[in-house]
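Once you've had a glance at the structure underneath, I'll fire off some questions.
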Amino acid sequence: MLTEIANPKIRIEHVSYAYDGEMVLRDVTLDVPANAVTAFFGPAGGGKTTLLRLINRLNDLVDGTQMTGRISLDGQDVYALGVNIPQLRRRVGMVFALPLPLPGTIRENVLYGPRLAGERDRSRLEEIVVRSLRQAALWDEVRDRLDGPASALSGGQQQRLCIARSLALEPEVLLLDEPTSGLDPISTGKVEESLLELKQHYTIIIVPHSVQQAARVADHAAFILMGDLIEYQPGKKIFTTPRDKRTEDYVTGRFG
Amino acid sequence: MISVNSRRYVVQRIGFGVLILAALLVVLPILFVVGAIVVEGIGAINWEFLTAIPRDGMKAGGIFPAIVGTLLLTVGTALAAIPFGVGGAIYLSEYARDTWLTRAIRLAIVNLAGIPSVVYGLFGLGLFVLFLQFGTSILAGSLTLAIMTLPIIISTSEEALRAVPTEFRTVSASLGGTRWQGIRNVVLPQALPGIITGVILGLLRAGGETAPILFTVAAFYLPRLPQSPFDQTMALPYHLYVISTQVPGMPIQVQYGTALVLLALVLSLNVVATVIRSYFRRKRQW
Amino acid sequence: MRKGSMSGWGEFVVETLVRVAGFSAIGFVLLIFLFLLREGVPAFFEVVPGNLFGTRWYPTFDLFGTLPLVLGSLLITITAIVIALPLGVATAVFVREVAPNWAREILKPMIEVLAGIPSVVLGFFGMTLVAPFVRQVFGAPTGLTAFTGALILAYMALPTLISVAEDALDAVPRSYRDAALAMGATQWQTIWRVVVPAARSGIVTAVLLGMGRAIGETMAVMMVTGNAARMPLTLDSLFRPIRTMTATIAAEMGEVAQGSTHYHALFGIGIILFVLTFVINLTAASALFQKRRRGGLR
């Protein structure tokens, strides 16, 4: 099983994670290559989202958890002492399953991160708004109402706004947690399309909301079942010629 | 079968009748209190009554110093209680973990809320008036009222903060926000209407209280406005107590008028708080 | 890097500040108790126990018997609860289970109005309108009686009682009601035999909190009970003047010399009140906390 590659963007080594004494992840080891879409897929509740949130240390917000193992970004341990966590999260952006615009306008949403990062220059900020919304394939739809409330957008637009909001920080990695679970097929198509664009510049990890989506967007895919990494293969081979029986059963729709 | 059923429904009808009667017994007296005070007191209300100094042993003139005193006390209470109250609520909602210390804080809040108002008065007398030598003063009275108000502000503010979905905090953190940045930029603005409502409700209670100010600030008769936080002052609730029990021959209309002013101040702010709450409850998206 | 450590510093300051604000609640409770002890404990040395727990409170003659005051407080508190409990629970049941929406929309704000009326205004109302009424109806020599106080107190305790009882009814699972109704019970039978009994512990909490509120009430009670410090031992005591602990403090503290025995004795009464309400609220709170923990499953 391929778990180690040369010069990975993210290296996950022997990561186990417990929540309230219950194991959520067991000894997961895998490397995530740069400038590609890597998918973590598998049945619900298997620990995919948890693994995602460990990378940008979002699980630090949760009490009563315990992690062992090592996760590194460009070779640097993200759990090392003295790591600037806000800085880490600016480098590793995240988009959640449900689009959640912050209260305020579209522009304010996009600029939330950059402003907290200390960006004050007006023309710089303006540039960021245009670039991020373009990259998220939302610019044409909202260019005339940047100062309108973000909550007035449709679900699909809101999710792309959330992507734009993450992109505004020019992260190196983008974590997408079932980003299309609440969207209609057309919006889903738009989001998936923008991923193809984005992977030119970003390292993307996605928890897809179906095997089909994983097969459509993933360059590499890892199958995670009940806290165990079952199989990890480069390319789309995992969907056509899985090595593990359990992967095969899941991919062919026999369970899950 | 049918007769059994109909008997059961007769019982049900009687039962519901009793419930309605109870509700009426609760509500009608409230209407009666408010109605009586408005009807009897409205005749006393005029410009002089609201803006003049009392004359003639408080039997004539106005109640201006008492109104001003109550406003000053309320402002003083707000200044002291809001930082501690909202700060404490932020701590409990956003920072505190479920440890025995946190539970001790919650217990302390419950008990602060239960301490009788006159005991607050004793405490204020002991600590602020005598021990810290503030004397009977607006400062001593405001601080006493502030501690009394604290549990109301903390609990209502905490409730408002907790009502903001966790996801907003997560989103802010994922965009590189620190915990406090998330609170300040996302959580607090959304909880603000609830916090304001809670603060108003707390201050209302403070403004209407008599027992805590009896020995800490209230002046029986002081026909001038206070000059500094170390001055005594008249206050509406205490003034009502004084003219209805301590001054023989006080015209009943003046008493009702004073009660009406106090009631109107308190209830109108109450309405403001309720309106803010329901307006924002309807407006928010979650 | 510089910026990072700056923001870390700011975070630390903010967290410290709100932590101090949170812990101040504990500090204030302790401070209050401390100052009550400081000013009140001397009374227990200056007055012999036989006097202190005697039946006569005449401070001018150095008689500091707190018993009539304690009993006076208990008498009107218990009477108030006896009046308020059925009214409050019935109203809560009506609001939660029976009332049409429009009735609820009227009732709830009305009860909030009641909660907002200052104690001194209710006392004034009690003096001028309720007391004469009580005198006429019960043929008492004066309208300023324990009963008048209890009646006013009952209404003051109602908002707390109703809202806590409502929460208790609200916490009864939907499935209980559905099961009872599905077995052919009428709505009334469901309420009377299933919902109210299931909410019993919550209603006890409501009573406790209502009692805590009633026993500490000062101004209204002082204005309508006549303030005679006599032992309420006979049946007609309810329709005689009476004096409570709170009213005693409020009425006499203004006139005593600081540091005198009388002064210490009034603080001593404050200690009794503090401890009483502390115990009552602690009991009520522990019931509430337990429920929260049980209900707070992930």
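Each chain carries a letter (A, B and C) given by its place in the written order, and its residues are counted from 1.
Here is the rule we use: a residue touches a chain if its C-beta (ideal position, glycine included) is under 8 Å from a C-beta of that chain, and two chains touch if they have at least 3 such contacts.
Predicted model only: the values in this text are computed from it and were never measured.
A.B. asks: B-C or A-B: which has the larger count of contacting C-beta pairs?
C.D. replies: B-C
A.B. asks: In terms of CA centres, which chain lies closest to the overall middle?
C.D. replies: B
A.B. asks: How far is the middle of chain A from the middle of chain C, if each middle is the mean of its Cα atoms, in Å?
C.D. replies: Roughly 54 Å separates the two chain centres.
A.B. asks: Can you check how far apart chain B and chain C are, centre to centre, with Cα atoms defining each centre and the answer in Å?
C.D. replies: A distance of 16 Å separates the two centres.
A.B. asks: Quick one: chain A and chain B, Cα centre-to-centre, how many Å?
C.D. replies: It comes to 48 Å between the two C-alpha centres.
A.B. asks: Using the touch rule from the top of the page, what residues of chain B touch 2 or more other chains?
C.D. replies: In chain B, residues 178 touch at least two other chains, as defined above.
A.B. asks: Would you give the residues of chain A that are in contact with at least 2 other chains, written as numbers and ranges?
C.D. replies: Counting only residues that touch two or more other chains, chain A contributes 86-87.
A.B. asks: In chain C, which residues are in touch with two or more of the other chains?
C.D. replies: 7, in rising order.
A.B. asks: Mind pulling up the chain B residues that touch chain C in the complex?
C.D. replies: Against chain C, the touching part of chain B is residues 8-9, 11-12, 15-16, 18-23, 25-27, 29-31, 33-34, 36-37, 83-88, 90-92, 94-96, 101, 103-123, 125-127, 130-131, 147, 150-151, 154, 178-180, 204, 208-211, 214-215, 237-238, 240-241, 244-245, 252, 255, 259, 262-263, 266-267, 270, 274.
A.B. asks: Touching residues of chain B toward chain A in the complex: what are they?
C.D. replies: 97-98, 167-178, 181, 185-186, 189-190, 285
A.B. asks: Help me check something: in the complex, which residues belonging to chain C touch chain B?
C.D. replies: Residues in contact with chain B: 7, 10-11, 14-15, 17-26, 28-29, 31-32, 35-36, 38-39, 86-88, 90-91, 93-95, 98-99, 103, 106-107, 109-114, 116-125, 127-129, 155, 158, 162, 186-189, 191-192, 209, 212-213, 215-219, 223, 246, 249-250, 253-254, 258, 266-267, 270, 273-274, 277-278, 280-282, 284-285, 288-289.
A.B. asks: Which residues of chain A touch chain B in the complex?
C.D. replies: 56, 58, 61, 63, 86-87, 89-90, 93-94, 96, 98, 100, 102-103, 112-113, 116-117, 151, 162, 165-166, 169
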